[in-house]
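Look at the two complexes coming up: subunit A is in both, with subunit B in one and subunit C in the other.
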Partner chain A sequence: MPFVDASGVVTATLLATIVLYGLGILLPQCCPRHPHLQNLFAHGAATLAAMSGIVLGLSGLFIDAPPVFSLPSTLPLLTIQFRLDPLSAFFVLLISLAGAAVSIYAVGYVREFESRHPIGLLGGLYNAFLLSMTLVVMADDGFLFLILWEIMSIVSYLLVVTEHEKADVRYAGFFYLVMTHVGTAFILVTYLVFFQQTGDFSFEGFRQSIASLPEGFRTIAFLGALIGFGTKAGIIPLHVWLPYAHPAAPSHVSALMSGVMIKTAIYGLIRVYFDFLGGDFPWWWGFTVLAVGAVSALLGVMYALMEHDLKSLLAYHSVENIGIILLGIGAGMIFQTYGLANLAALGLLAGLYHTLNHAVFKSLLFMGAGAVLSTTHTRNMEEYGGLIKTMPWTALFFLVGAVSISGLPPTNGFVSEWLTFQSLFLSFQLPDLLMKIMVPIGAAMLALTGALAVACFAKAFGITFLAMPRSQHAREAKEVAWPMRIGMGLLAVACLALGVAPMVVVPLLDRVTSGFTEATLAGRLVTEGGFALAPGLGIGFASISTPLLAILLIVIVPLTLLGVVLFGGRLRKRLYHTWGCGINLKPRMEYTATGFAQPIRQVFSMIYRPTVKVETEMLEESRYFAKRKTFELSLEPTFQKHLYDPVVRLFNLAAERLRVVQAGSLHLYLSYIFITLLVLLLWVS
Partner chain B sequence: MPLSLHPDLGSQLINLCSMLLLLTTFAIVAQRRLSACVDLFALQSLFLAVTAAVVAWFTDSPHIYIAALLTIAIKTVTIPMILKKVIERVNVKREIEFVINIPPSLLICGALVILAFSVTEPIAKLGFLLTRDSLAIALAIVLIGFFMMIARKKAVTQIVGFLMMENGLFLGATASAYGMPLIVELGVFFDVLVAALIIGVYTHRLQDTFDSVDTTKLTGLKE
Partner chain C sequence: MGQLDTLLITAAQAVIILLMSPFVVGLIRKVKARLQCRQGANLLQPYSDLTKLLRKGVVVSTNTSWLFTATPYILFASTFAASLLVPVFLSRIPLNFAGDVITVVSLLTLGTFFLMLAGLDAGSAFGGMGSSREAIIFSLTEPAMILSIFAVGLTAGSTNLSTIVHNTALMNGILTDPPPHLMALAALFIVTLAETGRVPVDNPATHLELTMIHEAMVLEYSGRYLALIEWASAMKLLLFLTLLSNIFVPWGIATEPEPVWMAMAVGAWAVKVSALAVVIGVFESMFAKLRLFRVTDLLGVAFILALLALIFYYILRG
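After this line comes the complex of A and B, so read on.
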């Protein structure tokens, strides 16, 4: 391995990361009167810390014996211990990679907040958020994990409500806070199941508890983790907070929340399922994860299509991508059940690869949305348009992100979705007939998801960047500051690199999966010569060479052009306005986002349940000529209406009943205590 | 010195003092006038100090003397002074108001004493200290103090109830373990003083806001 003394590097970079994030929290507080300086300190320190985190993650992937760091603790049950095994190292790498780019971007993005918000607080919390995420994936103790998890949740809540003067931001924050705590409660259930078996909160104890854990408790642990981590990850139907909270936060925070924070939940799931529960699953566990993933992916992208708030759209795409990740992991779990270690490793690897990719392109897209937002000051896509002329860099980077998330070559989204497809197709090797039929259905849903995602991003990119500006905001748009362009550019390059060179990434991921599945793929998944991936693993299924694809793309496009020039006859250039049948073209004639999504809304009206209201006001002189037309469209928020509202109503009803107890009388409260005391005294005597 | 006296004298004396404490407690419950209530509390605290001194004498533990002196300084002098000032300032026109009237109050207090004795009986049997019988009385005083807080409307009487509970606790600590470590007792005294001050201020605020120190009016804060 390239590192001479990897464990030394790990210790040094771990310390450096923690100290730098710490500085990022403290330094901005030292100069409260200079917001510009605070901004530089906070995000400069975060950038350096994240870079150190990248080295930490990389070196952690190469170490064979996971290094352990412990600190003395005086609290009972709490052991402050961190462990950097390949899984943790991979997530540290992922967090730091996105964190570094977003921190550079933040230097430019936060500038517009300088006059309105306390930058010391915003920057400090931002650093605390990154630090808590980095530490939570390294925690080696259940109690410590939960504490860090809660810190992460609360800090991110505080970041969401940065613009707390707006009522909808406060509502989004509250919604998020409630959901995340419900999730934590379920995670706690899972951990307590392990704890009651061993009396020990350490992860090592959790691993050993499995041997003696009865089947019923294992199921509780499985479901608790699925619901608890699923809430954070945003699986359907627990996704409802994402489209509120992610758009409400400042964009650089949205990028981290959507790109990185929800990945800590994927970490938690893999840790619990493959590490603690030891990979010995009943078949329906993997199937449940697979089904949840398929439904999340499909419904996520369908709701995204109907969304005209650019950031909400991206938030729904997070639901979709979490679904795709879970498809990979679920397939891996099913294969594990039937002892197909190679395929289990393949499914898990596909899931992890998509986790990394999603972190990169979703952060990139949120940064792009933030760039558009910072110059147009609106999130409504119907008010964008023509931004490619004023913001060419942002447009280019957003396009790279859009191509990635749509899963098109030569970007990273393509590679991981392709791997997921392959692992689903390979399910014909399963001995169980039901699974043989059901798993390919997941693949079909993934295919539909991919197609809809392309449509969605054709809409997102087209309506935002192409054609003519639809509003004054869009006409006045300007290209964003350099730090923001650099931040986006870095991740755009990462999108392409991860897409073209999977043969470099796969061996790294293999170090993670081989720890859980007893199968090493690196040598077999990457074909000899290292130019292609062959997930058939020796049975000659499918193979793909991404560099070749990229080269083909690079070669074919100029070749086609050359052919056109050579054989296509004389080319005459004529620059003129688009022909509009003799009428002057106006932005109002453009295809709207709503119009673009209409066919899909029509096809899936069963799911969307749209309500369309058209009112036409006729001229008084003649009822054949319309004076004004109003069009209103609303979709039924199915999950909120049928799942959440009844629960909320139930709680309100119960609270109303219980209010009698809370009469507001001092004497009554004293009586409660007194009577309790007397009853207890009588009971003991 | 203790040895030259009758062996039972110590425990008899302590029981006597404890009974006096309980008696003053009943007197406070039966009292209609606020200022008399505070005077009786001062008296109760004096008895408490005497009890503590007796315990200190018979057990040869000098640190209880300090606690006894502090009791006199704080509970018989300072706090009654503060309370008198509060009463003067808020100018209580009608005297004590009741949630539960005096005769039923006394009956309930009697029941509480019986309960306290029955609850502590198994513990007292095991005890070997000469103060063991005082534990029941201490618990009774705590319960009655608590009951005072519930049964009286005025904030000042509630302070007195609270301070009575504290006296009961102090007696309990002295009775069951010959007093707490000095540092703890110092802390407790400080706490009680601060509590009395805070509740005094709070009573003023109550008077300013509601034109009354009737805590039942606090229900108006709901919503």
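After this line comes the complex of A and C, so read on.
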């Protein structure tokens, strides 16, 4: 067997995962007449494969010597070799965890596509997408990584354009395709920098090339990875494709793209910076990552606030959360520069924890948005309302996701944001005065980001689920099918579990970070008999205990209820309609999403540059009575207008000029070939 | 500390906060009334209000969902839990390990989040307006609050409130590092006004359109639900006053769990928070409410002060 160095469990689960995803690709093709069966086969296989992937990831985290799997290859440069070290195992776990829940959900969600789209194709691509993501984080060879990365990108592009009959979906898909290839080009640059030192494309070769790599090339590798992976992750200003592409895909695919796929970019960044470049950075690298993170987090949430397309709103929140993840990783890199291994591990751990959490709650929220979309058939929030009464389960799960993404206790988002805050605050141990002052400003920006996220989800949940239905669509909404509810419910439970049990998660993450920073945190971070987290590392800086917070909340609520009943007696409740100042309250009088965000739009008008157009048409008889009023609001798409449009114009201009040589005449092309041949022959001889 | 002591001290703190919070509200009202040359209501009026509200029936809008009913309980529980994490009369509280200042802020935010949702739930434009305005004010307050507490935490070397209070009590409170501490104090005072909905940010005495923030959000509440919300607001106010007094003027707080010291510390604390309540009452009488979009300038000032506190700390310490 070509398998070496692998313990039985890992080999078996890896094989099972690949085979099951393979079955998920092939089985649906066997029964093209029965879309319902195709759906069951595709997503059933994906669910089982993802479960096996969870086992694979967990066992990979516990194995000391990373198992290596290689297959013979006849192609030059390409070595087919996979390696499951703790970092890879963590990402396999993350992909599979979200993948399993989303696959269960997909069984219900894809049903409405059965009549309109080829399910064999959709289901097959879905499995290929999950498989490529699982393999890309295990690749142990630069060339193999790039091939899998491309497969992942192209498969996800094909999934984005599922509903290709719509023009905006085609545009979103094209935008994504262009951007992802620009990103891949930059990753290639990074890998070529390593390659040209040793002539070896394997990751082991990359690690060894560092010793002889000159300073300039290291900087190129750093920037190439930041831009290349940053494009996939959606850092600002490379995020522009994300709010188009993620919402355009079917919602279960959006959940995977936003929750999981952009995490492969985080994997790539950590792999390059902490593994290949050996964690040896000048201070400005970490600072750049930190600054990019802070800007992405803040602008991401600000743009999210202005969206009233529920899925675009969630897509912008992915930009925000990638920013929060990079804040942790950037802080870790800065500490690494100054040789503070414990704190470097803490920053990296905070980033990884948030990566896992974001995968869970973002997938959950996208599934919730998909559930709403599937029953109301509109993405416009202004047409929702009152869905908590018709879709109680979806509303409850979405609420859990909203509380988590807002970073409120006792959910998982709170724990990882808290760890990020702590790693930023511990900057007071840095020897450099500038860093001491700049890093806490990052914390302040994180505080503003967190608060705006709370505001944004109050808007998203409030306008979507509460009060009166604002349209016929919303009035006719129905609760979604069981598989969809189960998929969402699993991740809602995961949000709470990852929040109240950080003492289980931290040792797992510690397996990853201890490999890169020469510091083992788990023993020191988890205190009070596993009950609290305290990243003080001997200084007694701060601590939280989410289990205790959860207990406090769980105990106080019934006690309050009991106290109120004992003191006030039985509840005398009268139902009455909301007072509308004498008029019957209509849904049109409710606060809208646009209205809710208005104060924020006005305060930050420097950033949004809104244009408001109000036109009033008066009655002819009297100019005191308006016949109709129109209100138009548009925000300036700053990055597209000032950064992308000039580039696109330049390309169009160049293409215009180049048309001269490509006139469509066959004779001309033949003569090109002839001249090329001639030149080549002359050059060779 | 034994198990029993832990439980007793926590329970004592819980009872003290529950009982003291309406008094602070009454005191501020009394001060304002006196400054307006009115007799003003009895100092214990808020207690009577709460009793009356708790016994009254409730009117609930037909538009609302379970969330509207759950919110008062969630708000009360989260605010109450937050105030258990703040040292009141003993600097080293037993629940110290449960959470630091970020946790306290997050717990309060949890309540605010649900209150914003409840404001939208009845479908009235008033509630929506309150929620929308609360969103912007509380968003802009957060960075100033985090930075100012961090600036103080640097002196103590911790963001755990207990450790901050304990260490500043053992040192000299605000006199340890006067310039950064004074700036942080000013920043945190502005934050307190904004977070607890006082003039010049919000006016707790009216429901007029101009001042519609907190009072507009809770407009649809009545009876026991309103009582819980009012009580939670009072606890939040007391929590912030406790923070201000125990962080900056920690004198009088017990640093060891000795019964006599603790009893005296309760008295000292009551005097300090009452004094601060008087200051707020005077402050509210001196200033007019700011326009909503001028409030951002005030909160900007708080942020800059907090940032300066941080920079000054490093420059003074070298």
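One rule holds for everything that comes next: the second predicted complex is superposed on the first by the 665 of 685 C-alpha atoms of A that agree within 3 Å, B and C clash if a C-alpha of one lies under 4 Å from a C-alpha of the other, contacts with A are read in each partner's own complex, and residues count from 1 in each chain.
To be clear about the criterion, a contact is a pair of C-beta atoms (placed from the backbone, for glycine too) under 8 Å apart; a residue touches a chain by one contact, two chains touch by 3 or more.
Please read these numbers as outputs of a predicted model, since none were measured by experiment.
Engineer: In the overlaid three-chain picture, which partner chain does A:466 touch, first (subunit B) or second (subunit C), both, or neither?
Structural biologist: Touch partner of A:466: subunit C, not subunit B.
Engineer: Look at A:677 in the shared chain and tell me whether it touches subunit B only, subunit C only, both, or neither; answer first, second, both or neither.
Structural biologist: A:677 contacts subunit B only, not subunit C.
Engineer: For A:483 in the superposed arrangement: first (subunit B), second (subunit C), both or neither?
Structural biologist: Neither partner.
Engineer: Contact-wise, after the overlay, does A:86 reach subunit B, subunit C, both or neither (first, second, both, neither)?
Structural biologist: neither
Engineer: Have a look at where A:573 lands relative to subunit B and subunit C in the superposition and call it first, second, both or neither.
Structural biologist: Touch partner of A:573: subunit C, not subunit B.
Engineer: One more residue to check, A:667. First (subunit B), second (subunit C), both or neither?
Structural biologist: Touch partner of A:667: subunit B, not subunit C.
Engineer: Return the chain, subunit B or subunit C, that is in touch with more residues of subunit A.
Structural biologist: Counting contacted residues of subunit A, the larger count belongs to C.
Engineer: Of the two partner chains, subunit B (first) and subunit C (second), which one does A:99 touch, if any: first, second, both, or neither?
Structural biologist: neither
Engineer: Should A:502 be classified as contacting the first partner (subunit B), the second (subunit C), both, or neither?
Structural biologist: Once the two structures are laid over each other on A, A:502 reaches no partner at all.
Engineer: Report for A:685: first if it touches subunit B alone, second if subunit C alone, otherwise both or neither.
Structural biologist: The answer is first: A:685 touches subunit B but not subunit C.
Engineer: Hey, which residues of subunit B end up touching subunit A in the complex?
Structural biologist: 99, 115, 118-119, 121-122, 143, 146-147, 149-150, 153, 158, 215-216, 218-222
Engineer: Under the stated contact criterion, what part of subunit A meets subunit B in this complex?
Structural biologist: Against subunit B, the touching part of subunit A is residues 662-667, 670-671, 673-674, 677-678, 681-682, 684-685.
Engineer: Within the complex, which stretch of subunit A touches subunit C?
Structural biologist: Touching subunit C from subunit A are residues 386, 388-389, 399, 403, 406-409, 414, 418, 421-422, 425, 428, 433, 436-437, 440-441, 443-445, 447-448, 450-452, 454-455, 457-459, 461-463, 465-468, 527-528, 531-532, 534, 536, 539-545, 548-549, 552-553, 556-557, 560-561, 564, 567-569, 571-580, 585, 587, 589-591, 595-600, 602-603.
Engineer: Could you list, by residue number, the parts of subunit C that touch subunit A in their complex?
Structural biologist: By the definition above, subunit C touches subunit A via 54-63, 65-67, 73-74, 76-78, 80-81, 84, 95-100, 102-103, 106-107, 109-110, 112-113, 116-117, 119-125, 127-129, 131-133, 135-136, 138-143, 145-147, 150, 153-154, 157-160, 163, 220, 223-224, 227-228, 292-293, 296, 303, 306-307, 310-311, 314.
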